[in-house]
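One chain, subunit A, links the two complexes that follow: it is found with subunit B in the first and with subunit C in the second.
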Partner chain A sequence: MKIERDGERLCVSEINELTAANSSNFRDEINSAMTGATVVIEIDLSKTLFMDSSGLGALFALYRATIKREGVVLRLLNPVPEIEQLLELTQMQQLFEVVRR
Partner chain B sequence: MKALLICPVDSTAVPRLAESGPLATAPILGDCVVAHWVERLAELGARQIEVIAPDGADQVRKAVGDGARWGVRINVTVSRFEPTRQEAVDKYNPAGGPDWLPAPYDVVEMSHLPGCPGLPLFESYANWIAALTAWMPLALTPARVRVSQVRPGIWIGSRAQVSPNSELIAPCWIGDRASVETGAVVGPGAIIEDRSVVGTTAHIAQSWVGPDTFVGRMTSVANSVAWGSTLIDWRTGSVLHVPDPFLLSSLSESKIAATTDRFGRALGAKAPTRKRTELAKAMGAPRGGASDVNLPA
Partner chain C sequence: MAAPSLEPARPATLRLAFAPNLASAREVSVAIRKFLAEQGVAEKELFSYELCIAEASNNAVEYAEGPCRNLKPIAEALFTPTQIELRVTDHTAGFTLLERLPPPSPMTDRGRGLFLIQSVMDEVRYLRGTNENILVMRKKRRAERIPAISPKDGPSDFPSLEDSHRLLAECKIKMAKMADELLLRTETLSSVFRCCSELGRIDTNSEIFEGKLLVDLLHLTSADWYILRMLSPDGRKLLVAAASEPDLASEPIGFPAPGEKAIGIEAAVASSQTAARFDNRDSPDPSEPLMAVGPVGAGYVCPLCFGGKLVGTIAVGRRSGDFPLGRLQDEVIRAFAEFLAIQALSHDRRKTEVRDRVVARELEIAQDIQHLLLPRALPQLPGFGLVGGWQSAREVGGDFYDAIAVEGESLLLMIADVMGKGVPAALFATTMRGLLRGLAERSSDPSQLLCGLNRLLYKELSSVAMFITAQIVLVDMRTRQLTAASAGHCPLLFIPPGRRHVSSMPIRGLPLGVKSHTSYPHHVASMGSHAALLLYTDGLTDTRNPAGATYGQQRLKTWMQEEMIPGRSATDLRDRLASELNQFRGDREMDDDQAFLLLTEDRTGGTRRPFAADQITKLRRGSFLFPANS
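Moving on, here comes the complex of A and B:
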C-alpha cells in the first residue's frame, strides 16, 4: 500500500486486497497520515481485487473518521466491477463518493 | 401423440446456471426448464416424450422421472451432441407422422420457455432475467398448486413465510418454502426461488435469487443473478464470489459441508452436522418449516 500526500489531498493506492489480514493496518496508517490540513482522501481501488467484510469495515471506520472532521471528503477511485458489486450489495456505495477517472 | 425435447448444452454465456447440473435442469420459478416444457407438451396432448440429453442425462431423468406426474411417458436419450431442430426432425419424424404433435411442438429446442420463443434463456444473464420476468405471469399453470397469485403481479409459494412487515412490489415471485423477513423489500422484477431466505431489511429488485440462497440482512441485490455465494451483475456480466456468508451464501447441505472451514467456526457450531433450517436460524433467519403465508399489509 502506498500513501502520498499532495497538499490537502491524501492519496492511498496499490491496495491489492483489503481483508482481515491487513484492514487494521490500512485503517491505522491512513489515520496516522491524516493531518489537520487534509481535505480530501482518495482511496484508489483500481488494483484491489479482493475485499471481505473486514475490508468493508475498515472503509466504514475511515468514513466515520472523516465525518468527525468536518469538510473532509472521502473518495473511492476506480473500483473494479467486483468491488463495486460488493459496495452495492452492502449499500456502502451510498456512503462514499465513487469516482471513475 | 409424440413430441421430442432437445436439451441445450452451450453454457458459455451463463456458466453459473450450469454449475449444479445441465441447463435443462436449471431452476426456474419453482421447477426446471425441462419440467416446464414437459408440462406444456402434456397440455397440448403429448403422451410420449423423447428427451435428447447431450449432457447430464441422469440429472434430466431425475428431474422428470418417468413422466407420470404429467400423465406422459418420458424416455431420456443420451446424445453425443446437441442436434438442431431440423436434424432431430429428419431423424425422428421425417414424414411428419400424424401421431406427433403439430409443429413447432413436435420437436422443441429448450432454448426458451414455453410461450416465449423470442426470449432466449441462455444467451446471457440479461436474457435469463428478461425471459423469467416475462414468463412470471405464464408460470402459474393449473398443475402448479404450490404457488398462488395473492395480488396482481405478486406470486407466493404456499409454504413461504413472508413477514407482514415486509414490502412486496409487483412483479415479484416468492417461491415455495422461501422466507422474506421483516422490513425486506422484494420487487419490482424480483424472483426468489424455492427455499431461499431474504434477511431483515434486505432489498431485492430486478434480480433472480436462486434456490437455497441466503441473502443477508441489510443487503441490496439489484440488477443481479444471485445464487449461493455468487453474485452476477446481469448488465455487465461482472461476477463476484461473496466471501462473507452473512451477506450472501448457499443454504444447501452440500454447500454447507464444503464451506465448513470458512464459516463454520464463525457460527461457533458444528456446521457439517447442522440442518439447513438450523443454519438459517443461526444466520438470523426465522425458524424453518412449513407455515401459513403472512402477507404484508
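Moving on, here comes the complex of A and C:
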C-alpha cells in the first residue's frame, strides 16, 4: 500500500486487498497520514482485487472520520467490477464519491 | 427409481484446518479460491466464494472465546459440476441464523458478513453444536458455468463455456437435420403406403406412376419436374411412361445394345445402372433429350432396377437449375426408384399370371368343345370297318371328321380342316358339323352339301377372314361306289378295282368361305374288291421328322399299299397308321393338327373296341384320339 500526500490531497494506492487481516493497519495508516490540511482523500482501488466485510468496515470507518472533519471529501477511484458490486450490494456506494478515471 | 445424477459419486474436496487468527483465515480463503479455480470455476465467480469463506473464517476467529480460541477452525470446499458447497467449522458460542437477513444499513458496521454470504449463496445453514458449529453454504451451478479446462491438469471432463456453446449449437443443427431426415423418410414411407393402397384399384403401370407417388417425389425432393421412362418389352427403347408436364414426354430413346455407345444421360444411366446428376448449363448439347427441361435445367437420373433387372429410369430436377441434392435427397430418390421398379415388375408378373389363368381356362373350354366335336361313335355297316383318328398340335384343333349313315347301305363321310387352330377354329368346326347333319337330312349328294355349307358359312368365315377345306364322300356299300366332292381339301386316297396301287382323287373346288357362290363338282369312282379308303387332313402329309423332312403323300400311299392288306381289321390299321405317323415325327413337336377317316373291308366283327368315357378326358397332345366303336 502506498500513501502520497500532495498538499491538501491524500492519495492511497497499490492496495492489493482489503480484508480482516489488513484493514486495521489500513485504517491506522490513513488516520496517521491525515493532517488538518487534508481536504481530499482518494483511495485508488484499481489494484484491489479482493475485499471482505472488514475491508468495507475500514472504508466505513474512514467515511466516519471524514464526516467528523467537515469539508473533507472521500473518493474511491476505479474499483474493479467485483468491488463495485460489493459496494452496491451493501449500499455503501451512497457514502462515497466513486470516480472512474 | 432415482433420477440419474449428473454429479460424480464423490465431489472434489479441500479441507483445511487453520490457526485461529485472521492472517491464517486469509490464507485459507486464498487457498480455497485457488482450489476452486483448479476445478474450473470461472474467475468472476471465484470472488464470491472467496468472500464467503473469508467472512465465515473471520467470524470463526473473531468470535471464539475462552479456551476455544485455541481450537483450529476448519474450512472446506466441496466441488461438483452442479454445486459448490463451502463449510466452515467454528468453535464459538454460535449465533441464530435468520432465514434471510435484510440488507444492513450502510451507516452501521455490523451484520454485513452474513448478509453478503446469504446474498451470494443459494442456501445457507448453520448447524449448531456444543462449541462446534458448522456454517454450510451451497450454491447451485448453472449449466453455462460449467467450465474450463485447467491446462495444468490436462483435458478435463468438463468443456469450456465456449466449447459447450459450440457443442450445443452443433447438437441443435444435428437434431434439426435428424428431424428433417425423419420427416422425409416418414413422408417417403407414407407415400409408398398410399401408393400400395391404391394398387388394387388401378390397372396399368402408368396409372401407378402418374398417381400420387411421383407428385410426392417432387414434393419431397423440392423438384419441379419428373420424367419416367420404362424399358420397352423388346428391351430396345426407353419410352416415356409418365412426365410431370406434357412437353417433357419426348420421343423414345434407344437403349444401347452391349458395346454400343449410349446417347443421352438417361440411356447412359439405364445402360450402366448407375445414377447420375446433370446440369444443362455444363454441357449444352441440343441432342440431349433432357434439354427438354430447359437450357438451365438440372437434376438427377436414377435407374429403376430390382434384383439386377432394369425396368426404366426416373429423372427429377428443377427447371431453374438450382436443384439441391444431398445425401438424403439421393436416398429418397433411390428408395422411390427401387419401389417403382418392384411395382413395375410385380405388375407385369400379375398381368402374366392373369393371362396364363385366362389361357388355361380358355383351353379347358376348348377341350370341352373338342369333345363335342368328334363323333362319340361312328356308324358301322356289315362287312366294313370305319375308324377315325385325330390329334391336335394344341389342346384344341380345327381338324375334324364325321360319318353319317344314310338311306340304304350308304355312309356319308366328311373330313375338314378349319384354317387356324385353337378355340375359333374349333367353334367353326362345331358349327359346320351341326350344319352338315341338318343338311344331310335333305340330301346326301356331296356337291350339294358343300354348296349348302359354303352358303351358310360364307358370311361368318369371310368376316373373320377364315376358310375351311373339306371333303365329303358318299360311300354306297352295295354298289361299292364312291361319290366325292372337295372344297380345296387334300386328295382322297383309295384302291380302285383290279389294281394294287393306291389312287388319289384330286377334285377341284374352292375352300368354304372364299367365294359366296361357287359350285363343287363331284367325282365318282369304284372301290376294288378289297375296299380301302382314306380321308385325311394335310396334317398327316405335312408331319415332319426331327430332320425337318415332311411325311408326304407318297409315303402315305405306300403305307396304304403295304399295310391295308386283306385280313387286317380297321382298328389294327388305325393303330398302325397312328404309330407310323408318330414314329416318323419322333420327338419333334407337332406342327399341325391331324385327322383321318379310314374305311376298309373288315370281317373280323368282334374286334371293335367299346368306347371308354375317360379316353377323351385323358387326351394329351401328341396322342391320337379315336371315337368309340372304331
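Convention: the second predicted complex is superposed on the first by the 101 of 101 C-alpha atoms of A that agree within 3 Å, B and C clash if a C-alpha of one lies under 4 Å from a C-alpha of the other, contacts with A are read in each partner's own complex, and residues count from 1 in each chain.
Definition applied: a contact is a pair of C-beta atoms (placed from the backbone, for glycine too) under 8 Å apart; a residue touches a chain by one contact, two chains touch by 3 or more.
The model shown is predicted, which means the values in this text are computed figures rather than measured ones.
Trainee: Identify whether subunit B and subunit C fit side by side or clash on subunit A in the overlaid structures.
Mentor: With subunit A as the common anchor, subunit B and subunit C collide in the superposed model.
Trainee: For A:Glu88 in the superposed arrangement: first (subunit B), second (subunit C), both or neither?
Mentor: After superposition on chain A, A:Glu88 lies in contact with subunit B alone.
Trainee: Between subunit B and subunit C, whom does A:Ala61 touch in the aligned arrangement: first, second, both, or neither?
Mentor: Second partner only.
Trainee: If you stack the two complexes on chain A, which partner ends up touching A:Asp52: first (subunit B), second (subunit C), both, or neither?
Mentor: both
Trainee: Given the superposition on chain A, which partner contacts more residues in subunit A: subunit B or subunit C?
Mentor: C
Trainee: For subunit C, sort through 22-30, 148-156 or 166-174 and name the stretch that clashes with subunit B after the overlay.
Mentor: Superposition on chain A puts subunit B right on top of 166-174.
Trainee: Could you pull out which residues of subunit A sit against subunit B in one structure and against subunit C in the other?
Mentor: Shared contact residues on subunit A: 50, 52-53, 81-82, 86, 89-91.
Trainee: Quick one: in the complex, what on subunit B touches subunit A?
Mentor: 203, 218-222, 224, 231, 233, 236, 238-240, 242-244, 246-248
Trainee: Subunit B touches which residues of subunit A in the complex?
Mentor: The contact residues of subunit A facing subunit B are 50-53, 81-82, 84-86, 88-91.
Trainee: Considering only the defined contacts, which subunit A positions touch subunit C in the complex?
Mentor: Against subunit C, subunit A makes touches at 19-21, 50, 52-54, 56-57, 60-61, 81-82, 86, 89-92, 94-95.
Trainee: Once bound in the complex, which stretches of subunit C touch subunit A?
Mentor: That would be residues 22-23, 25-26, 44, 47, 50-51, 54-55, 58, 61-62, 103-106, 109, 112-113, 115-116, 119 of subunit C.
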